[in-house]
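Two complexes, one shared chain (subunit A), two partners (subunit B, subunit C).
Here is the complex of A and B:
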């Protein structure tokens, strides 16, 4: 009896498997739907940014579909996305990518949130030759592996804070500066560090403190005490939201005076809200800001995107949402230029992308990274108790002047 | 290697004070762990997550407009009942069993707690502001956040209170008796079940205090519990079970050692250095024990 039951179960499961694989082989384009797949962090430690990413994707899908969809071969198609929750876990993300491709028959992928998860998925999409446009994996190592099906709409991590060093040198009359830096030991932050090393070499600057913060650490008192003792011209910190919040907390508590402070993840950390005036004058790298003057016909410009996004989701879009929306625009453009659903033709079309979106210009370099868009820097500025992020570099979009040097703590109210 | 700390003597003072202040806070968490490890023979992997939950209680108060420092009173009360409930739900089924089972069980609790906190409080890193300002010493060359001084004092006060409680009160004596010999205590009329529940509750309350202090000194995130578990585990290993002064000294010692390792070896070796020390201490202890005749393997 037991044997028969087992046999029966095997038979049934084999049958369902065959059936799903038959139906799924048509799943890439069903009727007038272009089905995209994405594993995304809806739970786990990346869940807040995962949701920002998903909202960005959804907003773009709705917008493109309501404005005529994607025209391929004279017919109009609509986008649809299959989402799975990767639980912020790289292993799970890789499994889900396989599932999307093999079971759901997805032929085009959108990226997950974070460099780590994108790194986990990229080998899978590459193996099955599935074009993936990703918007939230900035680590340089993603673009040095020779991936052919990976395209990133964002600037790579090493570019995040290079501009800040240039700015410091400029303020120093073109002479090299003394840099103190503290970076978390993860792929992304270490890539940011490499960018600083390049910039230091280029400008003849000297790195006097080069601390690598352990991931589990949320105390950087030792680094800051060293900064106090050595008096660098610029302090650079990158350690995701935890790093940004810890740095501001301890810099203000230990009264560390530096002329310039450059960081990443300020907006994700809601720095100006959580730390208020203590975060004033911090310089932050960002992929996007609503004040930039880029335009496209779907979202208009940054300010309109900001307004529409607020209306739909009830909060101001962080850059994670904006870049995710841009990924869909890139896909639409590529499908239309390829005028086909052939994966390799779509890939070639993606490769040849050269367009402007509300998020910025997009053109892919040999490794798949976006080479057409510079990073921007904003500075936290406060009026009374309300603090805001003001774009200060590059000068083309600067809404405010870069405030330098940061006043000493003894002079700050 | 970096010898900046020897060139600038004030850094030495700064490092020592930072290490000691942080060490006292960790010692409080470690004491809770030592207590319930000693009494119930359970290694609580969820220790750090209880700490973070305590921190979120203080953070919630902060959001509601109450000063987060009140968390050091409210949080332990709530956490006591959380600990008590945890005992009744899960721990009482694994107490007296193999150590491995209790590790698995508390590991499971840790995961559930992380996900629950993520669900309730979100995955963002948060901080509560105490606005306590800074103490500056030696012409501003040594700066100590008052929040850290405050947390060291609160930790010490609670630790002293607990020592007195354990010595004088009926429950304290029952807890100590159970730790020495559960069976004998039972025969003499101690309700060990109650003692266990209370011990677990007290441990959770200590975590609650530490959490509230961490919300104003460091940062909170649903997934940063594990480092606190590991740190307190290490302190307990070094200090031994049921010995509060040793736990306090070992907490401060490790804090100091860590700060100096940071300055001399570099930040990236900070935690590595502590683990090296742990290995060294364990090997040394074994070596010393093997010299004693009365030691039975």
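Here is the complex of A and C:
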């Protein structure tokens, strides 16, 4: 035993030495760098959206840095982001947030992807009074906890598809509709569900199917079989990227006829590219669309952002990227208005944000959510074999008319 | 009670001092240290089944998750209506006072230890009759099922997840939270170690080993194997529940499948750590968990996006080069250091026989 004990002690003391020699080498502001930290899902079930988020952040960092950086106290600073991979796991995300703050000395955070992970990180940033601007945590319960250092540039999740129900009721001559819905078991989708429940109550609609789908959604045939049997007026599906892809794949395979199909994450899933005509007529909730007329001096407008993003990353930016870029613009604006790196001053400046970006107007409500920007709905429409997302609601930005009802599969070419 | 040897005494007091000083020495690493304590507890208690009893359980994650949900539920439920707390989008915000917070988590941890142990007793009674692969698969299913079921129970947040009470705001020291969770986990670790160490010196361990080596023979010898198997599992469940309760409070957010019943990560890690260090030994799981944690924390960030490939490689290396774990490997190399007497003559004669 004693030899083992000695070995063990040697091992421990060696570790002690190495650990103590690693002191935080980063600081909040180093030279002319403002260091931001972010845990991002580079692997795991949110990896594709995690990458969209990261690309959005990187694009904004490059753009802001190349256009003069952030001016604080008469000096120009550049943004830099430390990334960690949270593996799409809230446990890991909370741990990494702690690590970013305590070991890497980060004083300002950017949000992760998804509501669940944001929920795990927010208590940590709150504890250390670290301002966090997040662009991908939409769950309403994030904004009812009284967090003071959390700011979200996006609209809360319950607003995502409410409009779709209103549209369906309108098409039904103002009478309530029959709703079938299927939602993934995660914080975000469940919030979208709550929005639908509210809307159903408000419009006197009836929910005839209310299914919960497992995470890592790969199969929803059971729900679709029920839809086939009960013939609802609207089918609502939310389950991040995989949910959108699975829904379209199986709806087309099973030839499920439903007059209206409302979803989330169509653009992140590149539905119109991946499934082409099969995805036609799907109605999608989005935080942003390139055709909206918002503007700022860094990215110009939505169309220009779309073009620049495509040039840099080779695909059209989903709204997850756009909102992530917007988060950096908010930070830059707040630093300049605070004219200081004092965390509380930056936090107060964030609180007072009232600006327009290419992504939309940004103004934070008391809970930290963005109250200045409405959600939009687009519909996938095809011409020949090329399909595109066309904005159909709200009417202010609608480029196309809402097509209703969806033709039966037997009539579709 | 056997006399504690002087060398051991030095070792233990050294480790305890190190454990107590660690959060001050490495202030920035408190959360990782807490994780380490929890990982060691999980590996050590898994070893009771997998190592000593020969029952490879993938279901210990069930007790871990159960403990997590129980602690949080009790902590909230003692003072506020639980349903309103977890109700998504609820506009009400409840705030625990300092006293409420600690009372809640104290009682919560107690419940989180006892109930999983009882559950283990009940489930054990039903499934510990299964052996080998059948037991492994059955327990694997338990963990997965628990996650899916928890994801459907509204009162604990269902798919929305459950935000555990934030650390009381009245305590202004930002380090206090880290210290609190570290010391709680360290106490659990010490308790678990003392308990496991006690088991190692008792007849109980011999019975578990007998079950592992030949269950039928053990039964034929008049040992009520079922009873011992259940008690063994209950001990594991007790500490897994505690570990889960601490982790729930530390992470601050419980998700049914990703945090609580996280069989894919924690459930696999606890097995991996025990095997890495050497199952069926007292120190193996501890060393395994420590190495694994350092490997994970150290290497993970340098190979962003490739961590799981590295983990896979690690598993392959362990299985090929250290099938008995580090302790097993050391034991084979230096058997005399493990108190094994080798009869050189006998060994030689065996060699010569060939």
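In this section, the second predicted complex is superposed on the first by the 384 of 413 C-alpha atoms of A that agree within 3 Å, B and C clash if a C-alpha of one lies under 4 Å from a C-alpha of the other, contacts with A are read in each partner's own complex, and residues count from 1 in each chain.
In this section, a contact is a pair of C-beta atoms (placed from the backbone, for glycine too) under 8 Å apart; a residue touches a chain by one contact, two chains touch by 3 or more.
Computed from a predicted structure; not experimentally measured.
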| query | Looking at the overlay, does A:185 come into contact with subunit B only (first), subunit C only (second), both, or neither? | reply | both
| Partner chain(s) touched by A:43 [first = subunit B, second = subunit C, both, neither] | both
| task | Name the contact category of A:231: first (subunit B only), second (subunit C only), both, or neither. | result | neither
| Can A:214 be said to touch subunit B (first), subunit C (second), both, or neither? | both
| said: Looking at A:206 after the superposition, I want to know if it touches subunit B, subunit C, both of them or none. Which is it: first, second, both, neither? | reply: neither
| request: Based on the superposed arrangement, let me know which partner A:71 touches: subunit B (first), subunit C (second), both, or neither? | output: neither
| Looking at the overlay, does A:304 come into contact with subunit B only (first), subunit C only (second), both, or neither? | neither
| With the two structures laid over each other on chain A, which partner does A:127 touch: subunit B (first), subunit C (second), both, or neither? | second
| field | Touched partner set for A:401, first subunit B, second subunit C, both or neither | value | neither
| field | In the superposition, subunit B vs subunit C on subunit A residues touched | value | C
| note | Going through subunit A, the residues touched by subunit B and also by subunit C turn out to be 43, 185, 212, 214
| In their shared complex, at which residues does subunit C touch subunit A? | 5, 7-8, 10-11, 14-15, 18, 25-32, 35, 88-93, 148, 151-152, 158-161, 163, 166-167, 174, 177, 247, 250-253, 255-259, 262, 265, 283, 287, 294, 300-301, 304-305, 307-308, 330, 334, 337-339
| Interface residues, subunit B side, partner subunit A - complex | 4, 8, 10-11, 14-15, 18, 22, 115, 118-119, 122-127, 129, 134, 136, 140-141, 143, 145, 147-148, 218-219, 221-224, 226-227, 230, 259, 262-263, 266-268, 270-271
| subunit B touches which residues of subunit A in the complex? | 43-49, 182, 185, 211-214, 216-223, 225-226, 228-230, 240-242, 245-246, 249-250, 253-256, 269-270, 274-276
| Footprint of subunit C on subunit A - complex, ascending | 1-5, 8-9, 12, 15-16, 19-20, 24, 42-43, 83-85, 87-91, 94-95, 98-99, 102-103, 116, 119-120, 123-124, 126-129, 139-141, 144-146, 158, 183-187, 189-191, 194, 212, 214-215
